[in-house]
Amino acid sequence: MPDFLMNLFTNYYETAAMILFGIGFTTLLTHRNLIKKIIGFNFMDAAIYLFLAAKGYIAGRLAPIIVDGNTDPSNYVNPIPTGLVLTGIVVSVSVTAFMLALTCRLYDRFHTLDIDEITHLVRKERD
Amino acid sequence: MRNKRFFSRLSDFVEYGSFREEEYTLSPSHKANIDTDTPENRWLTSVQHSERSAPVRLMDWLKLRGFEVFNNLYRIASVIICITLIAVLLSVVVFLPPFGSDDNPAVNEVVERYVSKTVEETGATNSVAGMISAYRGFDTLGEAHVLFVAACSVIVLLRVDPSERRRGRLVDPGMTGEDLDFEPNSDLILRKAAKLLVPLSFILGLYVILNGTTSPGGGFSGGALMGAGLILCSVAFGFGRTQRFFGDGMYHLVKTVCLASYALMMAYFIFMGANGFDDHVWLGVPGSIISGGLILPINIAVGLEVACTMYCFYALFRKGGL
Amino acid sequence: MTLFEGILLAFLIACAISVSVTRNLLASIIIFMSFSLIMSVLWLTLEAPDLAITEAAVGAGVTSLLFFATLKKIHAIKAEDAKSEEDESDEE
Amino acid sequence: MELVQNFPFLCIVFSLTCGVLCAVLKGRAAKILCLTWLTLTTAMSLAVLIFTLKSDSFYIYRMGKWNAPWGNEIRVGVLEALMATAFSGVMLLSLLGGMHHIFADCEPEKTNLYFTMCALLMSSLFALIYTNDLFTAYVFVEINTIASCALVMLKSSAKTLVATTRYLIMSLLGSGLFLLGIVILYGITGELLMESIAEKVRALFSTGEYSLPLTVIIGLFSVGLAVKSALFPFHSWLPDAHGSATASSSAILSGLVLKGYIIVLIKIFYRVFGLEVIMAKEISQFLFLFGVLAMICGSVGALRERDLKRMLAYSSVAQVGYIYVGIGLHSRLGLIAACVQILAHAVTKPMLFIAAGGFMDVSGGHKSMSAITGAGRRDPLGGIAFTVGALSMIGIPFFAGFVTKLELTQAALGSGNIAMVTALAAIAVSTLLNALYYVPAIFNIFSKNGQSDYKGLRVRYRADYALSCVAFVLLNIGFGAFSEYVVGAVRRGLELFGM
């Protein structure tokens, strides 16, 4: 097996995260259905968090909760990614709620979830 | 409108970033009508007789098949974007340090300090809690306000004025019943299960919040659990039940007090720390509930804020107000 | 690489792809829910229990509830049913 | 540590609290609280600016008990303080100028939330200006995104809803790429603090390690922030969002929000990667190219537009192009031009939007070019403000816009052959195009036609609108007249930046 494929295999979490990011990004960018877009956004963010958490994982170590006063750093995994992802998850859920609320209002108004059609309708109203 | 085909679609797309399908689809009657001089027939005959020049034929063909071509191109383009993006990102992964090894660049003196000094410096045995609420407390303050700003935006979008809501119900209880009125609460299984689960999720949420300094969890996860309990309560027993102890005023009170006290605590902490004063915060006994100095009150404030924000989201989506 | 993690990761990707191709909105939301649950298991395997709790409560819990509330609000469930019935009858 | 050094942190944290309090107050009370607080922050930022100018250095303010790599910190220098002062002042004036529109356009019981959003937006702008930590930047970028979307949609109509949705989607794509960039950078350096990353990146660059990931990271940051700041190929959301929002929102979004992201990009380029790495990677050459295209295409778009606010929005696309051209020149002079343009555009474009709001008042609420014919005669103060803004945008001497063009020309003359020719040609063409759509607009608003419909219309100036117009005009002329001080401060600020 070539070297670079080997690397992709070693970094399997990162590989999966990047594939997931690609799919999520594309769904958010090109899918026409608003709900699908929002789900795609959630996938995209989850992929980034997965990547970040994978960067903090160290094989054979435990979660960074100090037990029995054992503060030797070589016993625990990296706590920074966990903290950052925690922040990120809350950001994701906030944005998701906001976008879902927008979707509700748009559906109320236009009776469709297709963003292209909505854009078209509103453009027609203007003309 | 019919002859507005491929290029107009393309220009629409480039200019406005979107287009609409119906306008461009061929109607069945148009397809069936073979004898007339439609672009389709012209195209077919011109292919058969080769009497027209290639560009003209191409234009005709595009006029005819514009919608399908564009739709397919759009789909193909999105797949291409996806694959290109993934390829670029995977090429990065190839060069990254191996997963799970203990000598990757992320393991440095910052991590060592966070793990080895958390108990001593912040009083929390959960070093993640110590990190997000004390070491990098400023980020977390921002994060709590992201949730707040999202809640405000949802209120702007979905909140219906209470007086209007009441009026609407008086006029036609059946019509507004779907969204604006209370949930139907006839499901026996749901109610029985909720009787067990609602207290459980409250207790679990409280436990997670209070033990945020010593075990996994903290304000955000515990608050989300309590919020889920509130939502379940309203789903099973109707909004009337939850409204009795958690209305509009209560929500604003909890949210404001929590966020303002959080900001004040952080401001005190940052001000004292930055100016090199002693902040006189008792760190407590590491490992017990009362530990972590300011982390515990911060967790409680954040937890309550998250719980009521989550419930507020749900209530706004269901009936446009608390 | 353990087989377990490999399967979970593959499932994540399968979820992501199936959401963008499936036509039924309800199905895609349920897929999203299962995605969140798998994520929370993955957080555990990555030694991040804080994230596992948060993801289970926020991702699989509240976010999915919001999706369902939206779907209910826009009556898409009903519309989807009517549409799929039509599709089936068309196929027959 | 002196008391004045605490001001930036107070500005950030208590702007958040001000937002929270505004959410529970009634509209009028929220307005008073927000305006008072903004006045205070302007004064505090000014004090900080004077302090940094006097001490002629920057200082690091740690956010908590712990020093840099462990805790958060903010960095306050001349440039940061200057930007903070300008932004907070412009925010105050924009709010004042469009105040009656805010109360007219928002639903009555939701007006207080407008001020909430403004306070939170101001807090995030302060944080983006001062921050020294990439992840803090991300968190506040998100606050910025949501708050600015909310500012668009608070004027509730179908058009703003659609514009908000498209704005939000593009912003989310941008933040996704930005976050991924931060995360990969964290993966290869293990740091989040700008200085520490810069050290590590320099070491990696000299050994040639991680060459490809570094390139991709720069690409991710560039594209992510370019989408959010509406650089040319990604600008499609901007005219809708800025054109349909209420006057103050348009002013704030065009003048400040776009700039916040660009400041982050400048910080990332020159504080995290450094000029050397950026030059070697060549990816930012694209920024220069797109900046030039934006200057031309934005102006062409504005030329085609028949709606005043959308025309101004397209003009913002062109003006953002100027900033990116300055960044893309990769020289100290170019960067000075970019920073001056950020400031100049921040004091000019809000004035134009506020004046456009005033014209709408005296033209029955319409904003198409034909409807506002002669509006400058009915609302002379707005007319003067618009004229000053338009002349400044064209680049007439003694106004703010001229300073930018001068600096940018100097920067272009000092750069390589092709870049010089392209940049100079772009400036020339863009100036011409600007004149082509701003001069007819000025003639249009002062035209004698169209007065008959509005006979007997006596415009009674509101104090806030008049104050805002006068202040903006003075600010603009002052900027042009005392440009050497502004440019000097920017230059000194960039020197402290390590440039």
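All chains are identified by letter, namely A, B, C and D, in their written order; residue positions are counted from 1 within each chain.
What we mean here is this: a contact is a pair of C-beta atoms (placed from the backbone, for glycine too) under 8 Å apart; a residue touches a chain by one contact, two chains touch by 3 or more.
These numbers come from a predicted model, not from an experiment.
A count of contacting C-beta pairs for A-B and for B-C identifies A-B as the more extensively joined pair. Separating the CA-averaged centres of subunit A and subunit C is a span of 13 Å. Chain geometry summary: the mean Cα position of subunit B and that of subunit C are 14 Å apart. Between subunit A and subunit D the centroid-to-centroid distance comes to 28 Å (mean Cα coordinates, whole Å). Within subunit D, the positions touching two or more other chains are listed as 135, 139, 142, 146, 149, 153, 166, 180, 184, 186-187. The set of subunit A residues touching two or more other chains comprises 12-13, 19, 21, 23-26, 29, 31, 54-57, 61, 63-65, 80-82, 86-87, 89-91, 93-95, 97-98, 100, 102-105, 115, 119. Touching of two or more other chains is recorded for residues 16-17, 89, 92, 95-96, 104, 106-107, 110-111, 114, 126, 128, 136, 139, 143, 146, 149-150, 153, 157, 216, 218, 220, 313, 317 of subunit B.
Of all possible chain pairings, those that touch are A-B, A-C, A-D, B-C, B-D.
By the touch rule above, subunit A contacts subunit C in their complex via residues 9, 12-13, 16, 19-20, 23-24, 26-27, 31, 33, 35-36, 38-40, 42-43, 46, 49-50, 53-54, 56-57, 61-65, 77, 81-82, 85-86, 89-90, 92-93, 96-97, 100, 103-104, 107-108, 113. Residue ranges of subunit C in contact with subunit B, taken from their complex: 49-50, 52-54, 57-58, 61-62, 65-66, 69-70, 72-73.
Every residue of subunit C that touches subunit A in the complex is listed here, in rising order: 1, 5-6, 9-10, 12-13, 15-17, 19-20, 25, 28-29, 32, 35-36, 39, 42-43, 46-51, 54-55, 58-59, 62-63, 66-67, 69-71, 73-74, 76. Taken together, the subunit B residues at the contact with subunit A in this complex read 16-23, 74, 77-79, 81-83, 85-86, 89-90, 92-96, 98-102, 104, 106-107, 110-112, 114-119, 125-128, 131-132, 136, 139-140, 143-144, 146-147, 149-151, 153-154, 157-158, 214-216, 218, 220, 286, 306, 313, 316-317. Those residues of subunit D that touch subunit B in the shared complex are 1, 6, 9-10, 13-14, 16-17, 19-21, 23-24, 61-66, 69-72, 109-110, 113, 116-117, 120, 123-124, 127, 133, 135-136, 139-140, 142-143, 146-147, 149-150, 153-154, 166, 180, 184, 186-191, 200, 210, 212-213, 216, 236-237.
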